[in-house]
């Protein structure tokens, strides 16, 4: 009962200075929205990555020569196939292509022979030499669609014409935006890859418990190889996105600090009017702890409202507006940058973290000022 | 007559042991019985307000003891001082000390916020008081919309809301013209009839010459100069 | 005497708006897992993809999980940090390096 | 020697291929619990063991270990049936993660590969692979099930 | 070092709390040195007012401690995927054993802050500030504890390297492992069960004389039993209770029970255990306060409440815990020797 009434008074006292308090709530909510957007964005990307890449090959075996990724002999694949527990071994062919015309980088990839029709592809994967399937980003910068020609310059500086037989649908941009899928023979010829060499080798393993043992055996048998397991891929992405959000949070924490200084300033710069008010309250029978509770409720009201508003704004910004404000920051120099159609993976943990990042600084910066206000001498009311 | 307030050699020194040391009260001993209407009179700076705030449990004396309803409050921690003040005293301040931006009703109910009274009961009590004081129609107005006399009545209602035994009024007529002052004295008379003890600090002759007063204490420079009973 | 009710109402309103958004999010997660993620997952399986196509400017940003430890250095011969993305993206982690 | 290994491997291949196609019992449903310890079986598909009865019912286990506990203490767990009512016993082979008949695999004990119930008898098909597994995973013994008893192959230490 | 938002939040939050606590301790030192209740000087008044600030800060710190305990565990759960072989929060802790100490420090800090607030509450009940010096001296111990917590936490997170191969709970909590956690897990379930229930019954029985008789020794005994029960209960959670909740004979993780899969049973479970232990500790620890005349009556009244609350919370804990053991599908079997 008592607490409710003090809350009531706190609200009425906030309302009396509504413009000032609304300004504070707005700034606070904005700061929270920025931090929450970063967290939501990276967490959604991280979760999506971990979900998608769960289908990645259990092991990718590269050859490393002089510290650099080199082409791997196909014969390695045969040796890997003999290790118990290995289900399938596929050499992979892929590489990068710089398109001077639009100054973008593409990733060129071979089409594996056996596959069912893909839902995410309009048209079909290249089935014959001279065909290609492209990501929607490539289609957009080159302004081409199914049936058009894609001309790329090969390793002998010859322009090669590929007919576009498929374009990936844009929901799959996160994976396919910069892809150009070619027939294997085309790709080998295009890059001039020597025979019996592949870019790397993917290995399928039946029992996940055995992956590390197989990786160790590969490393032992072929010391210049570098097996990358799926869990390592997943961990890389988890680490990348944690790093990214941590980094951006640290940068934007400056905004939070600025806000806390504002809050501190507002709370310490207690006006004569407020001082008189608290003096009256104490004179008519409010205890110091009641005033402290009053200040606690004021802080709660401000921070709770701002937190919720900030979270709502961040949610709308990230998941309905595609994080438009943040994308320029994370885009970097990429010419082909997917528009985010993020899937709202959020759990209470994210909200807890945002609360933890934003509320304690505010509370800490107002506790001493509100105590200062609370110890106002009741006698001041007598003296005027 | 039962003794309600008893002070024994009370002194109050501000800024002790500093160059700006100031002795506001020295060696005050007095007794006030239940149902009395006592006036403290004296020029400004004579220590009236300080004595009122000591008796009203707003601050602690530097020396001496103060018994309020048999309890020594001179050495109580602030928390218990406040509790005693909450239950025993109602204050009418010189400048009314109302909060300008909230309604009359909210102002009247201020002392009850930190107590365990239900909201309905609070409002009931507030309304009764406002009816008694004849400003019921203004209960939803903001304080700054009221005249001086109405503000004074709001302040009185606030002082009475916790049903105190003792009402303390500091220069209650300072901002009122003589007609309103007479009205106020009428109200105080009513309060006294309800059995409440009243303690008034004033230098307004209209007040200390009123028949209501049972005792007048004159003060000067922090000491009691004389006591007179009409 | 109703401000606390309004406030509690407002907070509940905001919280339930957020809750609804989260619920909506959860349902759209399950819907889009079926309509988008599942086909994308088959895509990953069919094309044996290992990385997301977000930053295409350099090898180590396009294929963070496949890049060797020297790629970042290779990709910026003179500048310490060549690509803006590099400032928010750590070079390939050591856990990608099997000893 | 290599010929014999090849032969046995081929033999094992044939053995595993035919029943796998013909009569492999259905995998455990989400509600199936281990008949010995009571935990759900479906979350651990790589360890499932099944005892198939003549009347078409199946008993599921979360690992070969629990399956053997059940089998060797059959009367306690299923007093209504007799050992003879069992038509087939399947375990999930380690390297292929497919169900195979318990008589056709070797069981390696004491390895560092832990099942949901901790230390397990890991079913591995083919003696050569079983020895590889023993070496790779610090196993202690290779055992064999002949339809009645679980015995150690002493020569393989 | 992993730059993870949760880690950032934990570190910054704890650092903030530590800063506030250091400020509070500075005030506390001043109060302890200058306190003179008989004086009517203004300095004494200022000190009294400062004690409000100190208790406000500790109140906030306790709130933070409670929430950060959860955040810590959730964060561990979040980052476990970064470590090879880690399957749950326990795996993250094992990635750098300092983490266990950080967790212990957090639990101790929680109890210490809660006890301090109880002390402060009692002090506020008397008109003569009988406990001021005591409570502010204890505060000086609370601050280093929070400092230690921050240090351990930072050391833990700094020492986390994603490539560390940790053992998952399966192998670490298996009887073959070493370390305290493994020893707990390796305790034979049957005898552990007996010990746990025996301690529970003893504790509940210990409450009876406390309610009837005023003797201090019963209260000391009660507190001792509470402490004993708490340690046994934690050991029991790791050793067998978790097994029944997960229905998995190898999963000894004490943190996964917070998850949705297990109907969030961990929240009421730990709430009852921690709350019950706290109230169980108080009668004995605060026994000395009864010697203060102005608090004697209040203490006797409060004490009954504490004992009752402790009994209530601990018995609900035992109920929650016994439910899956008595009515679950899961059976802990003894394994015949032929397998190993």
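Labels A, B, C, D and E are assigned to the chains in the order they are written; within every chain, residues are numbered from 1.
Rule of thumb we're sticking to: contacts are C-beta pairs under 8 Å (C-beta built on N, C-alpha and C of every residue); 3 or more make two chains touch, one makes a residue touch a chain.
The structure displayed is predicted, hence computed values, not measured ones.
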Please give the pair of chains with the highest number of C-beta contact pairs.
A-C
Can you tell me which chain is nearest the middle of the complex, judged by mean CA position?
E
Computed over C-alpha atoms, the centroid farthest from that of chain D is that of chain B
Counting in whole Å, what is the centre-to-centre distance of chain B and chain E, each centre being its mean C-alpha position?
50
Between chain D and chain B, distance of the C-alpha-averaged centres to the nearest whole Å
92
Inter-centroid spacing, chain C versus chain A (mean Cα positions, whole Å):
3
Whole-angstrom distance, CA centroid of chain C to CA centroid of chain E, is 36
Would you mind listing the residues of chain D that make contact with two or more other chains?
none
Residues of chain A engaged with two or more neighbouring chains
5, 8, 12, 235, 239, 243, 247, 288-289
Could you tell me which residues belong to chain E and also touch two or more other chains?
49, 84, 162
Which stretch or stretches of chain D touch chain A in the complex?
46, 94-97, 113, 129, 132-133, 136-137
Listed in rising order, chain C residues that touch chain A in their complex are 1, 3-4, 6-7, 10-11, 14-15, 17-18, 21-22, 24-26, 28-29, 32-33, 36-37, 39-57, 59, 61-62, 64-71, 74, 83-90, 92-93, 95-98
Within the complex, chain D is touched by chain E residues 170-171, 174, 247-250, 328-333, 335-336, 338-340
Where on chain E does chain B make contact in their complex?
37-38, 40-42, 45, 48-49, 124, 127-129
In their complex, what parts of chain B are in touch with chain E?
14-16, 60-63, 74-80
